[in-house]
Structure formats: C-alpha cells, structure tokens
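The structure under discussion appears below in the form of structure tokens.
Labels run A, B, C and D following the written order; every chain starts at residue 1.
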Amino acid sequence: MNAPLSFNQQLSLLDERIEKSWADILENSRLVKAIREGEVSRALYAIYMIETFHYTAHNARNQGLVGVRHADNPVYAKFCFEHAAQEVGHEKMALHDVMSLGLKHEVFDIPSALPETEVLIAYLYWISFTGNPLQRLGYSYWAENAYQFITPLINRLSETLELKPAQLTFFVAHSDIDIEHFNEIKLMLQRTCKRQDDWDAVATVMETSLRLTGNMLEAVYEQYEAWQNGLAPRYDFLHALDSQ
Amino acid sequence: MNAPLSFNQQLSLLDERIEKSWADILENSRLVKAIREGEVSRALYAIYMIETFHYTAHNARNQGLVGVRHADNPVYAKFCFEHAAQEVGHEKMALHDVMSLGLKHEVFDIPSALPETEVLIAYLYWISFTGNPLQRLGYSYWAENAYQFITPLINRLSETLELKPAQLTFFVAHSDIDIEHFNEIKLMLQRTCKRQDDWDAVATVMETSLRLTGNMLEAVYEQYEAWQNGLAPRYDFLHALDSQ
Amino acid sequence: MNAPLSFNQQLSLLDERIEKSWADILENSRLVKAIREGEVSRALYAIYMIETFHYTAHNARNQGLVGVRHADNPVYAKFCFEHAAQEVGHEKMALHDVMSLGLKHEVFDIPSALPETEVLIAYLYWISFTGNPLQRLGYSYWAENAYQFITPLINRLSETLELKPAQLTFFVAHSDIDIEHFNEIKLMLQRTCKRQDDWDAVATVMETSLRLTGNMLEAVYEQYEAWQNGLAPRYDFLHALDSQ
Amino acid sequence: MNAPLSFNQQLSLLDERIEKSWADILENSRLVKAIREGEVSRALYAIYMIETFHYTAHNARNQGLVGVRHADNPVYAKFCFEHAAQEVGHEKMALHDVMSLGLKHEVFDIPSALPETEVLIAYLYWISFTGNPLQRLGYSYWAENAYQFITPLINRLSETLELKPAQLTFFVAHSDIDIEHFNEIKLMLQRTCKRQDDWDAVATVMETSLRLTGNMLEAVYEQYEAWQNGLAPRYDFLHALDSQ
C-alpha cells in the first residue's frame, strides 16, 4: 500500500495526462494543421464554430445538473450552480462570431450538431447525471485550462482570416474568464477530492472528454472536405464566405 | 377581447390570491392556532421544523432543474442557477434549529418526510421539470414574500418557547435574504412573463404550492396529536424535550 | 421485536387501510353523492372523465419509469415494462367516452388538467423516480382493485345518463383487465417485498395516491359548480350536452 | 424535389450504410483479427464479455426510456415497453458466460466499464432521451441484425477456446431472439417513419452507435495488450484463466 498522493502530485498527474492527450490532438488534427499552415478558410472556421455553438449550449445545463443531483455537499453544489450561472448563454458568442464572418445577410438554418458533437454532449450529460459527482471537474479541469494550447492557434487563425477582436468574442471572453475559473476548479478539487477513486474518476472524465473533443475536431475537417467536394449540402450557405 | 393587464395589475391579482390562500391557512391551521394561543410546545415546533428541513433540502435542486431544462432564455436561466446557488444548504439551518431545542445529545435518525411533505416536494419537481418554464416563479413569489405572514407567528412562538436568535437561524436568515430575493422575483416576472398564459401558469403554481404547504402544516399537527397519544413511534426521541 | 408478518397478514393490513380510505372518499365526495342520488349530469361526468384522461395518459409512463430506474431486479423490471405496455393508450378510451356523450361535432380544446390532477400525476412520477422501487405497487394495489368500489357507481351513473356500453369503454375495459392485473400485483408483492420497510413504502404510496385521487374527485365537483354558475369558461363547450 | 423513397428503398440505404460500417470494423479491429486467426485467448474473450455485460445492462433501460418519453404514439410506446421487457436481465447471460470460462472460484469485483463503453452507453441514453423519438430504432436495426456478421466470429472463437453451448448463452440466446426482433424492428420502422427526417435520424443513430461499438472493441484489445504487459491491474484475476 502506497502513501496517498499529495494534492500537488495529483494535479501533476492530471497535467501529464492532459499534455499527452493534447499532444496527440495537436499532432494528428487536420484542422490544427490547416490553422498552423495558414490554410484555414472562413468556411472551415465557421464549421468549427457551429459545433462549438452546439456543445457550448449544453455546458451550463450539464454543469447545473451536477448541482441538482448532488445538493448534499453544499460547497460543491453551490460551485456547480454558480459555475452554471456563469456559463449561461456563452453559445450565443460562438454564434455571433460565425455570423460576423459574413453571414449576417444570409438566410439559413444553423446545421444541427454533427454525430461526434452529439457524442461529446451525450457523454457530458451522462457523467453529470451518474457516477462520482466530482467527475465533471475533470472536464472543467482541461476545458478551463485549454487556452495555453488554443491561444497560439486562435492567433494564427485570426491573422490568416484577418479577424478583428469583435469577431472573436467567444475566445476572447473565455480566455479572460477561464483563468479565474481554472483557479476555482483547482480549489474545488482540493476541497472535494478525498479518495483515490475521486481522482481516478476525474482523470477518466478529463481524458475521455478531451479525446471526444479531438474526435469532434476531426469530424469538422471531414465535413469541410465534403463541403469542398460538393458533398455536404447542409453547409451550402457557407459559399457566401468564398468571396470574403 | 380585453386589453392586456399591466405588470402592476398582474401583481395585484397575484397578491389578492395569495392573501386569500394565506387567510384560509391562518384561519384553519391548528398549528397556527396553537402558536397564536401560546400553546405550542417544543415537540410540535420540532415536528414542523423537521418537515421544513425536508422540503428545503429540495428547493435548490428543483430551482436548478428549471435552469437545466430551459437554458435557452439566458436571463431566466442565469437567475435560476444563481437563485439555486443561494438556496444550497439552507436545510442545514432548519436541522440546526431542531437540534438546538435540546436534542444535541440524543441519538436518533431524522424521521423521513411525511406524505404531505412528499407531495409538496413532488409537485415542485414536477412544475420545475415540465410545463411553462416560468411557472416556478409562482412558488418563489409567495415563498419569498411569506415573512409578513410568518414573522408574527415566529415571534409569538419564540416568546412561548423562550428561543434565542441562535435557535432561529432558519427564519432569521430567510427573513433577511428574502426581501432582496422578492425584489428579484418581481423583476424576473416583469422581464419574462409576456403572455397571459405565463401569468396563469405562475398563479396556478403559486396557489397550488401554497395550498400543499397548508396541507403539510395540518399533517404536522396530526402527527403531534398522534405523538401525544403515544401513536407516533417515529417521534419517540422528542420526549427528550418534555422537560426542557 | 415482533415476528415478521406473513404475506397474507400484510395484504390484510393493506386492505384494511384501503377500505378506510375508500370509505372516507365515498362518504364525503359530492361527486359520489350526485351519482348515488341520480343527480349526475353529462357535464359532471364529462368533467370527471377529462381528468381521468389526463392522469391515465401518464400511467404507462410512470410505470415504465420504475423499470428504467430499477432494472437490476429482472423479475420486477420485466413486470414494470410489461405492465407499462398494457397501459399504453388507455387515456384514448377515456377521451372516446367523453366525446361519445355528444361532443363529436363540437370544436374545442381539451381543458388542461386541474391542479389537483397535476398533483396526483406529480406524486406518481416522484414515487416512481425516487425512493423504494417497490412503492409504486401501492398505487397499483388499490387502482387495479378499485372496481368493487367503482362498479356500483358506474352502473348507477350509466342508468341515470342512459349510457350504452360503447360509451363506457374506459370502465368496461378496465374492469376486465384489472382482475388479471390485480392478481399479478399480488404475486409481484409476494415475490419482491422482503422487508417491513418495503411494505411500509407500499402502504404509504397506496394511501397517499388514493387520497390525492379523492382530492381530484372533489376538485371535479367544484369545477362543476363553477360551470353551473357560469364561472368556468374552460368548460363552455359542455353546454352542448345540456339538451342531450 | 425528388419523389419520396419507398420503404424498401429506405431499408436498402440503411443496409448499405451498415455493411460499410461493419466492413470497416471487421477490417480494422484487432479483436476480430485475433479471433479469425485463432489467436484469441480466454482472457481476451473475457475482457470483451465484461464490456458486453456493461452495455447490455442498460439496453432495457434506455429502450424503456423511449416509451416513457414518447407515450403519445401508442403503437410505438407499446413496442418500446414490450421490447424493454424482453431485454431485461440479458446482461446476466453475459456475466454467466464470463464466469464459465473458469472464474467461478475466483474472488474479484467485476471491473467497471471502460470509457469507450461508457461513451456508447451515454450516447444510447442521450438519443433515447432527446431528439427524434424514432431514432433509437437505428440502434436496434443494426444490433438485432448483427448475427450475420458476428456468428462466424463466435463460431471461430468457440472452436479456438473449445467452448460448449452452455458457455455461450448470451450469443445463442440472442441469435434466436433477434431474428424475430429484427422483423419487429422493420415493421415498426414501416409503421412509424413518415418523413425523410425520421429516416435520417434513424440512419445517424445506426451509424454512430455501430461506430461507438467498434471503438469499444478496439478498447477491449488495448486493455488486453496492457494486461499482457502487466499494465492493467484491474484484470489481474484473469490470470486464473491462463492454465485453462
């Protein structure tokens, strides 16, 4: 029987696993490659932001659900509801940014979420509704700390597409908010995770939700290829961006 | 076709119906009568506070559920989650107040909720989970504004039982909080209720949840009578209060 | 510590409590009195059957929910799903019977459920979703065995209103089905209730759901009075039955 | 605007997409390869059947949930509950088959579901709880018709591991049941799918749930490799099978 790990040791283990998962995504994602090589187009970025819109619309809801389920731990339940309150409506920023690419005068229905995005959403509700109540912190732990990985990509993309800050409200808002959130997440892990089982549940949800996000990124690129080849009629309206 | 009612007219109609419902409770409740006539005992108060503990433990949860279900209206969803965050853990005050009556050294399980309390809890989840998303505001509208009706009773009870403020944490805390909450509820009604259907749903939930609360009060008194006659073994531990 | 009660003793205790609850309803219900005294009208019967339509529409659903929640006991879960399958669509019989009273050529929306009916529905979902998984058997126990109490009333009502069997499909169908169902309920109680806690939970749900049904009957009569006095515009369409 | 497709054309399109998805799994799955090449071991088969146990335990539940949600279509709701009743307890067959491999005298906890299996389970609840009520038929459509793809593999595995029919209860039972079920699924599709949207939802759920099942198969093999390399302590008890 080993001595239990300290809080900082547990965080280091989480960080290690996150870095490995991110490295895997950054190496293999064709979307990431397109951004890095300056080959991203407005249509590709729009397809990505539409999926961002979809899963973000559920984040406050599944976060709140954890509080509904587990109100017996007041510290954690209060955190869940407060965090949910802060996340409400963020999907509207994603939608705003899509529209600002040059779609304001187009008439179209927002395409429904891709299956890979549905799978991510489904998983986040599932781990919020069942199992270890603390495990959703694993999702927050990587999502609120993603900006070190994402910011260079957003900067590159923004250069390529010549986007103004007012067209990047989703990312600008989140990179500000999330530093504070990330500290709250760490504090909450420290106050609530008591047993190795808790840390294991957090780690599993962290890795799995990050991997499912990676799958979503890949699906975005597949749709983009299909669109380029005229095989994705759901994105026909994006041709309005061709000449932008 | 009549002209739509103004916001203030709608509030007046709600207030009228609340006053009528409260009058009905205050006239007929044997618990209220016992308090007013200075005949309330610690055991009776304890039985009441145990039920208060039970339904209060669900208030943050069913309030949060409204946000989970209806996150498409950001103003309202944010309110639901913030309000839920504020309600978390309040049942612990009710429990503290029960224990402070003289039960700290007793060993007992808290009796489970009475059927009438279960019915109230069930109804609050139901109207939070289905139907018009705004209708739970009807519950908040009377509950956050109940102190004009309840404060005289609590004062009287407190005199009779010689309770100190530290033994009335639940009511003291709520009478402070609720004034602010009540203004928020009114503001939220003003911002969200657009159609007569919304007001009707709010009014129905308001009246029904107040009536079910009245039924709970009556059930508390029935249990007290049964306990006095030795027919409620679940409350045996309350005999420790006899000599207080 | 007493010896545990036998299965037949437990059933006798349930039967005793049911009879007492039914006696209370039969004595005090103004709807029952109107039927017994031959003073029931088509409008009164219609108001009652509309509420029957509403709660019946949820019976298969809340019965199925018990199976969804508690699939770890295969015998009981199978029973729940099979029973749910048998209950599907029965509300359509209630609606058919309402229409057959003379409303087929009227244009109207079915009035929404009364608050007392909502409370019954809410409670049945609540006890299906939480607590002792076996407790919903308490509802089935009285509901599938209600025909000894109800049949004389239906016969009397049918005479007064000169209804043909084809206008009583809901009751005719259920009185046939329910004898078989009732035997299944008893068998299921025998196979699943192991501890006194199980029997207590069954008894509480039995009594509470029967009492809430009694409240619904009283609310039906109140609406009928309001309709007679021109105070229930939701039932205006029932005046088409006046001359029947 | 094209003419709507006939029922048989819709089925053909589903079949085409299934065959393509299955071909992808059969070509790439290392578990399938191991079976085909006679290199499957009892431990590998056990790891697979433990995951089968896990997701199967939820099939009756998520099938029943569709009926709970969508009881307004009696034909479909009845089917959902009846189908759920038939699926109850099937996970126990999977567990029996695992134990029969030579684990009856071992003391161990069944390892919890792998993340990939959790993702499959999560998705099946999600598509049962939200979206087009008919879409879960897409899961049934491939799952009840999988035996043409699976039977050759089970036969091969059974030879390699020298399993008796009594050790293959899960697959033997399902291959019998599922032919009948598959005809019911087709009949239900015919009776319920009215619009192209319905067929699209069915097809998406069909492909996605089959793909997630493929991911689960791959995860099983990864765990097996880890176990061989001493890196999967959760499967330590499987070493009891080494000498079988």
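By our rule, contacts are C-beta pairs under 8 Å (C-beta built on N, C-alpha and C of every residue); 3 or more make two chains touch, one makes a residue touch a chain.
If you're wondering where the values come from, they're calculated on a predicted model, not measured in any experiment.
Visitor: If you walk touching chains, what's the least steps from subunit A to subunit C?
Guide: Tracing touching chains, the least step count from subunit A to subunit C comes to 2.
Visitor: If you average the CA atoms of subunit A and of subunit D, how many Å lie between those two points?
Guide: 29
Visitor: Whole-Å distance, subunit B centre to subunit D centre, using C-alpha means?
Guide: 48
Visitor: List the centre-to-centre spacing of subunit A and subunit B in whole Å, with centres computed as mean CA coordinates.
Guide: Centre separation, subunit A to subunit B: 39 Å.
Visitor: Among all residues of subunit D, which ones touch two or more of the remaining chains?
Guide: none
Visitor: With chains as vertices joined when they touch, what's the shape: line, ring, star, complete or other?
Guide: Graph shape, chains as nodes and touching pairs as edges: a ring.
Visitor: When you check every pair of chains, which ones turn out to touch?
Guide: Every touching chain pair, ordered by label, is A-B, A-D, B-C, C-D.
Visitor: Looking at the complex, which residues from subunit A come into contact with subunit D?
Guide: 115, 118-119, 121-123, 125-127, 204, 207-208, 212
Visitor: For subunit B, which residues are in contact with subunit A within the complex?
Guide: Answer in residue numbers: 57-58, 60-62, 64-65, 67-69, 71, 74, 77-78, 80-82, 84-85, 88-89, 92.
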